[in-house]
Amino acid sequence: MTTLEKLEAVFFKLKEDPSFWQEYTRIMSTYSCRPTPLTFSQNLTKHFGGAKIYIKREDLNHTGAHKANNVMGQGLLVKRMGKPRVIAETGAGQHGVATATMAAKFGFECTIYMGEVDMERQSPNVFWMQQLGAEVVPVKDGTRTLKDAINESLRDWVTNMDTTHYVLGTACGPHPFPTMVAYFQSIIGQEAREQILKAENKLPDVICACVGGGSNALGIFQGFLEDEAVELVGVEAGGEGIKTGRHAARLTGDLGRPGVAQGYKTYFLQNEEGQMVETHSVAAGLDYIGVSPILADLYEKKRVKFTYATDEEVVEAMKLAMKKEGVIPALESAHAFVEAFKRAPEMSRDQIIIINQSGRGDKDIFTVADALKDKMWQEFIKHKAAIYESY
Amino acid sequence: MNLTEYLTQLKQKKKIGLMTHLVCGYPSLEVNYRTVSTMVEAGVDLMELQIPFSEPIADGPTMVKANQTALNQGTTVKDCLNLMREVTQKYTIPFLFMTYYNIPLQQGLLNFCQQTKEAGGSGLIVPDLPPEEAKEFIAACKEYRISPILLMSPTSSDRRLEMISRMADGFIYCVARKGVTGPKTDFSAAVRIFLRRCREKTSLPLALGFGVTSKADVDFLAGEADVAVIGSFMIKLLEKEGIEGVRSFLRTLI
Amino acid sequence: MTTLEKLEAVFFKLKEDPSFWQEYTRIMSTYSCRPTPLTFSQNLTKHFGGAKIYIKREDLNHTGAHKANNVMGQGLLVKRMGKPRVIAETGAGQHGVATATMAAKFGFECTIYMGEVDMERQSPNVFWMQQLGAEVVPVKDGTRTLKDAINESLRDWVTNMDTTHYVLGTACGPHPFPTMVAYFQSIIGQEAREQILKAENKLPDVICACVGGGSNALGIFQGFLEDEAVELVGVEAGGEGIKTGRHAARLTGDLGRPGVAQGYKTYFLQNEEGQMVETHSVAAGLDYIGVSPILADLYEKKRVKFTYATDEEVVEAMKLAMKKEGVIPALESAHAFVEAFKRAPEMSRDQIIIINQSGRGDKDIFTVADALKDKMWQEFIKHKAAIYESY
Amino acid sequence: MNLTEYLTQLKQKKKIGLMTHLVCGYPSLEVNYRTVSTMVEAGVDLMELQIPFSEPIADGPTMVKANQTALNQGTTVKDCLNLMREVTQKYTIPFLFMTYYNIPLQQGLLNFCQQTKEAGGSGLIVPDLPPEEAKEFIAACKEYRISPILLMSPTSSDRRLEMISRMADGFIYCVARKGVTGPKTDFSAAVRIFLRRCREKTSLPLALGFGVTSKADVDFLAGEADVAVIGSFMIKLLEKEGIEGVRSFLRTLI
């Protein structure tokens, strides 16, 4: 694993170099639109009649999610390392599209591993990755979803380490990935802290973020770790309910246990024997067995609280956010909205909640329309299919 | 007789020893028994039994499928221990477990080592455990007198090879090339140079695996390594030509 | 038409009030992500080996296009006028989604008129408009496309003027709409001018923008009207070629003639008798009979040059932009890319082109996939349809 | 005899005059001829013939459909002029053209007025031409001695009504309510007040249209306006009950 050592060396050197962070923020502000806004949601605030609700708008990033922060940061590293090729795993396709985009921007070759099941579910993203010049390789092992795509990426990487960098998509995996991904995502929290102080002249009371691998949550939380009065809440995928077994709650409700897989140690959803179990969430990006070891540590230290939101709650929260604020949170991000909506009415009007809207939901139209069982959409798709049938 | 002694004696009889591999529960435990018997009869010198894991990151497609199928069929750690017990009772060659770290971890390291020992296992190969993290594991192995087999690879630095050498026991598993199990290795000067680097760092016997698929490969290794390891190729052969295919292939080797 | 007079009065009063522009830019920077970046495209520049290519990133706006600038501005006006309801026409659905979003944000009732043909073609946007709380009314008259949706909106408006504001989507229609829409869009050019001066310490040589109604083009052009050395180029929809009759080129090639329709006077694509003709473009947002009277004026004054790009060129330019820069221009915006790509290699390396990327193309997946005749996409849709069939 | 004189004389014979509407080419030119004959025979006092336009923004669904259908069937301005010529030769009541501004504009304003005059038309109603923009148009009408009919509406300011009054000729077309042609108007005090406002500003006869659909509506207007205009309702009737339906409805009115 000397690639990891090399990566670690390069990363820690650059981390100490202030000009690197400057280069990073420069590209994020000229290629993506950082700083992303912090939107005050007057309507949602009024609707719940309690805490002021602010939304950190990672959905406005280029490619539509906080994933851009991570991939662009790693892209700069790859440039320094002089490697011509990047690979990445992807679940819903969001990180795949972001990586393919970064590769196009920097001129790298790009291979994306994606579970066969996910490829079928998320064809729009497969289409865009290909258009962006990436090769998308279907992963046919295991559950044929995100975790298997990670395995396959790790295999490619150990085989092609000399030429290839593995752009891991979240704050998981072998060291230094958790630290590195969290570092690039910390731009969210840095900005949010400045923005809320400017807007309200005080810190927020609560910050809600959804937790898949943990990168967007760590991203915003890192701005406030030292501010002990700020309650940090990670929201996991409750799926069909954490009692049904069909969920991805690793830290909430003592359902995950410490283990080692995919090159790192954290809380995993596994059976008695240590085999990983199938997870479930309406939000593909949260549908994963592990969680960032850094978050696991903050969990153990009780600095971050964890809870979950069910698929059903998520769809409702998403609907409300659309109608009341005109934002379309990704299904992942909608988990954070659920928790904020539960807390807001219990809080007083001079208190503040920040929701991290990690991504935009219009990428999820197939999933959202399915979750809403939208008839018009189904008719549209049937109609389209009939046209294609007739070719 | 511990593994090192066994291999040292073996070296006096043969130019190179042969270790083969199977995945417990693939294609079935029943076939595993027959495979073991065929291999032992054919003259294999030691064997690794892989306890299947859901995330086999060091394995290539053949092994991944075998792991997955075994699990889907409900293979448990207990099944693997039973297999180990039965084959060690029946045959005299050493048997080792190969698996990923989460398996012993969830069983409890000490508990797992104890059970392995009781089942007659001689050692443990855990490809996803870096030496830096292996202290506790090695202590547990030592406690129950089974060998923790550590891996050396061409990309390891000298410093790392030295560290591995200090911690290892039984023999060293040398990984012929970067990457995962399965794809054919190009056996050329590079492998020889790597093995000599390993030899410089350790006095333990050297087993070399990853991509060994023919008599030519094994012949190439004779004199350079103490043991040639045939893994994925064995499984592919079993899939394509059945136990008879395995038997005739081994005949050409030994 | 006293509503128009009232609107004019309110608008011109606010236009004189510097605090209004401040309020406008504040909301654009907290709800959308203005200033949108000006991205230097190193790869495209290298690829063509000529002028430096910069891209103004209106695609990063909330809802994915420059339409946000207009709707948010008009939304502020509506708040001042105290009307509870907004209506809008939409072609591709982009302006409909933007208006529905603005209505959700400001708490207005919202009705969107959309041609029946467009509703069928652009169901994803219909879905989102509805989710955002808007009523989408199919327009079954005429060609059942954008121009008919404008007619229907005008009809609703004259009927409900007391309670309703008509949020016209481009710099067309009766006075003061062209002026007003152009005013809100001028934020693009203001920013672009500052940004290019900061980046290059000089003005660009050429600016390319696509022209549907003309709002994004006017938006960026207005920042440079006085800078006579800056060549301003509007790119119309050449469709299947301007000789085929299947296009929407009103100013290029003397194909449109001055006329009056939909409450304003400009160059229209019409037959000898003055009946409007059917237009065509792969980009729904350019598929329109008229063009901003302000642009028509700049055309007559020869301050802005006009050209066209064909559907085929547009698809190629879009592909190149994706592969070389990792941006996904809307099919509309890709028209501007075509022209820039034609000019760049003819220019010298110290010259500069700015392309206005008016919107993002991932909203267009059905159209783009169709234009590319993508097999995988067709299989995916058929597969989805089969699932819906089985319900 | 010009339109104003005609309507002034009419006022002495009838409590209120009646103007009906058709869209040239809808459902066909052939039916147009028969409709005109039926209407004239039933005692209609004047008629507006709409030249279809592709963007009829002042019209409601019934009219929009009629315009579109007529165009789809290939109806041209020439067809409309022919229709005008034939009906004015055959009948003595005044006929006007109603259309949108782009039609005369593309024909050339003077040319179009000349042709209208030559075809026997008495006036022109152009609902999308605001008085501020109407100078050239009015001049062209005057040149060929046809009446430019301007519209007053309840939302017009007094100042605007005065301007319209100064520019208009023939009669004033009073629009009963906001909105487009078609939907029923609630004939109540508001309409009366509006008509009185108009009356104050002009001495020209007042025709009132938009949403007149019954004898009760016409009776309401008698004494308040000089002419009641029935437009969309006529077309709906024709669609539903044919020419016979039109005939019997008009009998109840006159």
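We call the chains A, B, C and D, going by the order they appear; numbering starts again at 1 in every chain.
Keep this in mind: a residue touches a chain if its C-beta (ideal position, glycine included) is under 8 Å from a C-beta of that chain, and two chains touch if they have at least 3 such contacts.
Since the model is a prediction, treat every value here as computed from it, not as a measurement.
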Practice task
Figure out the least number of contact steps between chain B and chain D, where 1 means they touch directly.
Solution key: 3
Handout entry: Farthest chain (mean CA position) relative to chain C
Key = B
Fill in the blank from the handout: CA centroids of chain B and chain C: separation to the nearest Å works out as 64
Exercise for the section: List the centre-to-centre spacing of chain A and chain B in whole Å, with centres computed as mean CA coordinates. Expected result: 38
Problem - Topology of the chain contact graph, where touching chains are joined (line, ring, star, complete, other) - result: line
Exercise for the section: Report the residues of chain B in contact with chain A in the complex, numbered from low to high. Expected result: 53-61, 64-65, 68, 71, 76-77, 100-103, 105-107, 128-130, 155-157, 160, 178-180, 183
Completion exercise
Contacts from chain A onto chain C in the complex sit at residues 29-33, 36-40, 43, 57, 60, 62, 64, 100-105, 107, 120, 123-124, 126-128, 130-133, 319, 322-328, 362-363, 365-366, 368-369, 372, 374, 376-378, 380-386, 388-389, 391
Exercise for the section: Would you tell me which residues of chain A are touching chain B in their complex? Expected result: 1-3, 5, 141-142, 147, 151, 154-155, 158-162, 257, 259-263, 268, 270, 272-276
